Amino acid sequence: MSNLAVNSNLLETLSVLILLSSFVLMASKRINSYIKTFRIQSFLIALAAGIMGLRSLISEGRWDFLVVCLLIMIFKVLYIPNMLSKTYKNVSYKVEKDFILNIPILVLLCCGLVVFSYFTLTGVDGLSQDVLNLQLVNAVSVIWIGLLFMISRKKAIGQIIGFLVIENGLYITAMYSTQEMPFIVDLGIFIDLLTFVLIMGVMTFRINEKFESIDTDQLNNLKG
Amino acid sequence: MNNIVYLLVQLLVILLVAPFVNGLIKKVKALSQKRKGASVFQMYFDLYKLVKKKTVVSNVSSWIFHVTPYIVFATAMAAALLVPVSTKILPPQIPGDFIMVVSILALGRFFLMIAALDTASTFGGMGSSREAMISALIEPSILISMFTVALISRSTSLPQIMETVQKVGIPLAHPVYIMVGLALLIIILAETCRIPVDDPATHLELTMVHEAMILEYSGRHLALLEYGAAVKQLVFMTLFVNILIPQDQLIGVIGLGALILSLLIYLLKVILLALVMGIIEVNTVKLKLFSIPNLAALSFILAFLGVLQFLILGGKHV
Amino acid sequence: MGILLLIVPLVAVLLLLTVKQSQFRHAISVGTSSLLLILALSLNREVLLHGSVQYASCGGFFYVDALSMIVLDIVLIIGFMAAIFSLGYLEEEIKHGKLKRERLGLYYSLMYTFIFTMVLALTVKNMGLMWIAIEATSLSSAFLVGFYNDKHALEAAWKYVILCSVGIAIALLGIILLHLSSAGVLNSSSFLDWTALYTKASSLKSSVLRLAFIFILIGFGTKAGLAPMHNWLPDAHSQAPSPISALLSGVLLNTALYGIIRAAVIVDRNQGSSSFTGRLLIGIGILSIATAAVFILTQKDYKRLLAYSSIEHMGIIVVAMGLYSPLAVFGGLMHMINHSLTKSMLFFSSGNILQKYDTKQISKLKGVLKIMPVTGTVFLLGLFAIAGTPPFSVFASEFSIVVAVFNGPYKWVGVIFVLLLAAVFAGIAVTLLKIFYGEPDDKNLQVGEVNLPGTVCLVILLVGITVSGLYLPGDLKELITKAQGIILGT
Amino acid sequence: MEQYLRNLFLMSVLLYVLGAAASALIYFFKKPYKTSMTGSVMVNAVCIVASGLGGAASAAKILLAVNSLKLINLSSTIPFISLEMNLDNLSAYFVLALSVLVFCVSLYSIGYLSHYNGKRNIGLFNLLYTLFILAMIGVLTSANTVCFYIFWEAMSLLSYFLVVFESEKEENTKAGTVYIVMTHIATALLLIGFIIIYSYTKSFALSANTAAIPGMAKNIVFILFLIGFGTKAGIIPLHIWLPHAHPAAPSNVSALMSGIMIKTAIYGLVRFVLCYLGVQNTWWGVVILILGILSAVLGVAYTSMEHNVKRLLAFCSVENIGIILIGLGVSFIAFALHHQIIGSLALTAALLHTFNHTLFKGGLFLGAGAIQYATHTKNIEDLGGLIKTMPLTALFFLCFSLAISAIVPFNGFISEWLTYQSLFASILPGHIGLNFLAVLAAAALALTGAMAAAAFVKLFGISFLGLPRSEQAAKAQDVPATMMIGMGILAALCLGIGLFPLTMIKLLDKVVFSVGGGSISGQLRGGFLLAYYPLTISVNSISPLTFMLALGVIILLAFIVIRIVGGKYIERRYGTWDCGFEALNSRTQYSATGFSKPIKIVFRALFRPIRKTIVEGDSQYHPEAIIYSTTVTSIFEDYLYEPVYRALLRFSRRTKFRVQTGSIHNYLFYIFALVLLLMLYNRFA
């Protein structure tokens, strides 16, 4: 039993770390650090998935969480960050310059989002059973921070990373809230994620080709 | 029988008196200008002369030009038949009320206006255009002032109105009637082309309205038009005198004597009114054409005040 | 049998990628879509007979009931029309050098992938799978939106992917919460199984469910083009090739809406009333209609205008679903069908016009009726139809919805609703009616139709929407009534 | 008997359908023009027969006093949508008016359409034309509000297509757009009204009992109906589509639109407010009366300023709708106060004027069409002297002009007289405000009559008399015989009803009795004479026939007397007097602008005339040409519609660029904001 308690403590710590990593992401300016932070965040998630996987393997004999853990490791920790850094290696800019709001305010907003998530989720009675609550708040906050990140970054890379963070947030929400998500759904999410990244890769390539930049601020010809 | 007598009396009185009244007004004006003036019967001679003359017709004109004099005269006469000169010989039913009278006169006026346009003459157009404006402005006052007296007698039929009025006593001492009377007086002056701009006696284009319309006419056509105008003038005067100065209640008897007496008084009233009209015309300066709206408005307001008085006092005027 | 609906398009995609001759590609496309249509017909019969179709053999994931059948029918009919229309459309594009012949295979395979994903979304029982399929639609259609590969098309595609992915991600949060709400109620074999959720709706955790619904509404609502998440829609619809615009507008939006309806049904059953979902749906619906009404009035691009009109109609359907009365639901379902047919007809005809005039600017179009008598007439009548003028079918369904609104709890919403519809009509009339008359600026424009097979489609659709405006075939009515029963839980 | 009439009526409907089908065939198969011309003649012939049957059936329906005819009752599988047509007295009356007009217009069209020969698709025109007629019949006979609504929209749509039929002119298409937008928004209001009623009665049938509707709802519905129908009728200030749409449409269509389509709105008001809803408050009638006064006076004011024949006639329609509304308003007031007799009298006046207006306005538009056919212009400043080249058209036009000016032996006078009488009768002790209004209405009516006469003197005088002002006018030739017959029948009917008003009033009395429950036939006296006054013995009588006889006799007498006194009539033809200057030419004549100038000056506050003088040439003292133009400001368009429209456009444009900025960050922010908002909502809800 104590083993389980350690486990859940660890999971809680991980959830806080994951949240923290998204704060770090929000605070960073360099493309490199975007990718690095994302890699770390994904790693933390993989870790969490691994812990849960072990637990479920021991208690129920299910192995699907471990597969998921593996998938995260392969795709989110290795493949996608690598691909992204390859894509952005020969892009002229390395540092994001102008934001919608300046970084301190954005970080403060992120704090606000955590509070907001807490505030809006505590009232929901189905969610507030034992410790899951705090983790869920953290997880959902990651989603909103990812969305805020997308809004605040003007370069295409920022949006891709933001979306991936949202996806991460969703994943940990699913993981923490229900430890028994149907496997096929998890798999499907992965496939989708993969295709998304592929498409984005193709798109940014083409946009770069046509617009001679991947500044999404320039993509505002269609209005009205 | 009654019908025929009524028709004959109306026809004769109107036909005979109309040119005379015209002459009378002219005489008053002449006298006021220290002239001797033509005889009061001059118009009869003029008419005779015109009928005898050859007729010049513009080569632009169409059949409208030819039928108009007859229609104008006939409508004036038809209207005259609906306005009894005396209430002593009324048929049981008259086939028309004051709305009809207005409409009948409008028929004549319509034709007169289009005939003026028929000859392509600038004067004709001018007269027609002015007449259109004047009639548009005057029509509401006619309707409202007649409406007022009609309301009092609860009937739009003229004999009915005249009979009711006889029960009032001296209508001209009554606020409603005073208003209506003043309104009617203005209407008569405007409708008979007198003040403030028109002058039936001159052919000065600044003052021409009616005369401009009939400028192209000559001979028997002109005679009919002149006669028609005189009849129309008398119709309005008859309306005025028989509604505002009723006399038949004074004459008790019914019969030939009463009729003759009534007609004599009628003649007296008409002469009186003609004199008044002449004097007013002499004493008024000619104004510019666009003072007509003011005059029309004045007359309308008077008529409207009359009806308002009636409405506010709750219709207790009989 | 029904499972073939999923297999056939996949096979077609493979074939299309292997075959090189464009005639064969066309033939495969038409063959596939006709085959799908026939399959759909037979499935229709089954649904009418049995109420729902499930196959135990495929792991029980395949599930079609009257509700999904209606949307499925729409998908396959419009898909068929789009296939026919594409024949002429693509040839014309190739003729004018706008498209290389090699890319034909890509176009068709993307299109059938797109259709496949939609069919998948409509034939699965599991809400999670449905979510995956809907997400997959945006991925496959993104390339179609950006098919022309020019600046505008890419921009539209970019926005489309980003916004829809974010939206869909939020929907996933909703799905997760939906799952959470069923924790302890359903066993693991029936997690997220719609029929299970439906039957056990009353024992789900209602407050989680409500939260789930909010996210699903926003998520799928983004995909369905509901305001204020609609912003990708005008761009994507205007930049996509016209047959694809028709598919996007006539089919994709309905598929996304289908997801919302499925979720709303569970929530309503759980809450025992529609007051929660109703307020949200009606609010968002009215907002969508209002947005369209404002935006249409000064629209300069006719394809964008049609896109805004789609937003309006999604709003109308959502309002109907929010009302949750038999009449409203019936009208809403009918409106789905009617709007799809009418709107795809309009996008097809706008495609013809675009090919003839080579401009999307309204101000540059003149004399459409004269230059293209058939397309022009169809477009003109179609505009009146989409604006809700009798005797076309959109009127019939709108009327039911309007009556339902007035019989519902919020009468004033009905007043706003009707006035907004009138405003949309006015907007369309003010902006678009002038294109039909006069003489075109370009004197070299030949009188005549482009795209003969497409024009035949137009006429068929016009006849269809006119007839169905006055008379609803018995089978269809039964189908709608059944779907209505599913939604209302009766 | 009922069965027989029903079949007769259905036969007429069927014939129209056949006509439509035949036209569709001609349209789709684009036969050579010669064939299509023959086809067009046949379609019009079918319409003539159909209208004959329809008119006969309707008249018989009213006169034989059978129960209302259930024509068709088909329901669809779609909820609420059904085809349910009934013919009761009110419907029959309007169908009668429609049929009479269609009869003449179709006759006229046979000739008129020949000028489209080879230029346009006549098949399409005939298709729209017959469908338009069918739609109007549908509107008039619908037995439930949904059916009514559908036909109403169909009617609007078809008339829109007819308005833009000559679509190459931009002003026509613009006119069409204004028309369809206004009419559609108005129809939306009607729809709201219908559904509000439905939400209380749970039935769309016109026979539904509306007593259960609360008073407030009834008031709202009344206002909706008033605006909805008012727009179609063209009451001020909802009239602005009318002067645009009527000139744009082909003349035979304008005749139908002005003659009967705008009357369907009157039908709607009577049917839905009086019969269906029931007049609840006095103020309903007062509002209608005030709008009537406004429309009549302003309508006629704008009429007198117009120089485009068809625009002039369009404004004149506004005026006449005003007159109809005055009657209707009085009747509503009277019914609200339970004065059945006065109400019936006023209703009779309104409905009779409706019928009369159908005749003479239809005729006038046909006349305008004939002018256009012969001279290819609608501008009366380019006309003149047509009476010589087009004598019969001129004669008919004169008749219509007299009729519309409410001049005596014509039908316009009868209905105006009845309106006066109803105003007069409505002045009863105890309602000072209402009485005041009635007097005002009477004054307005008088002003209207005189100004209409002025306008039509101008229209007739300038276009038909004097010298031709342009080459086309000089070369004009009279129109084909069928056109003439079409107009001739209408003119004869105008005179006929004017002389024998009682025939029409007796027919109408049955209609009014079935609508308002009161009958004025007890007050009527005489066979052809007319006498009416409700409160005392009937001494107010008019007899146009007697007047005509008197007129004839007086003219005859005058002629004879003059012949006797003056001898033979000797005429000398000579040029018009030119003051001794050069001979007069067409440019020295009074122009239409000049003619209406006094009125323009008098009412300058209303018209806000804009004058422009351009002096061409080097020196202002020796100008080569002086161009003087003057226009009248249309205050409702310039000060009401334009600003609102512009504001809407500005709002739309601004919102568009503020919301749909093109920036994906904004879009993401909307989603983000909505998520947060809804979560908050969920927290608190």
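Order of writing sets the labels: A, B, C and D. Residues in every chain begin at 1.
The definition used in the following text is that contacts are C-beta pairs under 8 Å (C-beta built on N, C-alpha and C of every residue); 3 or more make two chains touch, one makes a residue touch a chain.
Chain-to-protein mapping (UniProt): A = Hydrogenase-4 component E; B = Formate hydrogenlyase subunit 4; C, D = Hydrogenase-4 component B.
Because the structure is a prediction, the values reported are computed rather than measured.
A.B. asks: When you average C-alpha coordinates per chain, which one falls nearest the overall C-alpha average? Tell me, please.
C.D. replies: The most central chain here turns out to be D.
A.B. asks: Taking each chain's centre as its mean C-alpha position, how far apart are chain C and chain D in Å?
C.D. replies: Each chain reduced to its C-alpha mean, chain C and chain D end up 44 Å apart.
A.B. asks: Express in whole angstrom the distance between the two chain centres, defined as the mean CA positions of chain B and chain C.
C.D. replies: Whole-Å distance between the two chain centres: 78.
A.B. asks: Per the centroid of Cα atoms for each chain, what is the distance between chain A and chain D, given in Å?
C.D. replies: Comparing mean C-alpha positions, chain D is 70 Å from chain A.
A.B. asks: Quick check: how many Å separate the C-alpha centres of chain A and chain B?
C.D. replies: Here the centre of chain B sits 100 Å away from the centre of chain A.
A.B. asks: Quick check: what residues of chain D touch more than one other chain, meaning two or more?
C.D. replies: 656, 660, 664, 668, 671, 675, 679, 682
A.B. asks: For chain B, what residues touch not just one other chain but two or more?
C.D. replies: As it turns out, chain B has no residue touching two or more other chains.
A.B. asks: Which positions in chain C touch two or more other chains at once?
C.D. replies: Correct list: 158-159, 162, 166, 170, 210-211, 234, 295, 298.
A.B. asks: Give every touching pair of chains, nothing left out.
C.D. replies: Chain pairs that touch: A-C, A-D, B-D, C-D.
A.B. asks: Using the touch definition up top, name the residues of chain C that touch chain A in the complex.
C.D. replies: Touching chain A from chain C are residues 126, 128-129, 131-132, 135-136, 139, 142-143, 146, 149-152, 154-159, 161-162, 165-166, 169-170, 172-173, 175-177, 179-181, 183, 188, 191-192, 205-211, 234-235, 238-239, 295, 298-300, 304.
A.B. asks: For chain A, which residues count as touching chain D in their complex?
C.D. replies: On the chain A side, the touching residues are 100, 116, 119-120, 123-124, 144, 147-148, 150-152, 154, 159, 216-217, 219-224.
A.B. asks: Spell out the part of chain D that touches chain C in their complex, as residue ranges.
C.D. replies: Checking each residue of chain D against chain C gives 76-81, 146, 149-150, 153-154, 157, 164, 167-168, 170, 172-174, 176-177, 180-181, 184-185, 187-188, 191-192, 195-196, 198-199, 648-649, 651-653, 655-656, 659-660, 664, 666-668, 670-671, 673-675, 678-679, 681-682, 685.
A.B. asks: Can you list the residues on chain A that touch chain C in the complex?
C.D. replies: It is residues 121, 123-127, 140, 143, 147, 150, 156, 159, 163, 166-167, 170, 173-174, 177-178, 180-182, 184-185, 188-189, 191-192, 195-196, 199-200, 202-203, 206-207, 210-211, 216, 219-222, 224 of chain A that touch chain C.
A.B. asks: Touching chain B in the complex: which residues of chain D?
C.D. replies: Touching chain B from chain D are residues 384-385, 387-388, 398, 401-402, 405-409, 413, 417, 420-421, 424, 427, 429, 432, 435-436, 439, 442-447, 449-451, 453-454, 456-458, 460-462, 465-467, 529, 531, 533, 535-536, 539-543, 546-547, 550-551, 554-555, 558-559, 562, 565-567, 569-577, 584, 586, 588-590, 594-599, 601-602.
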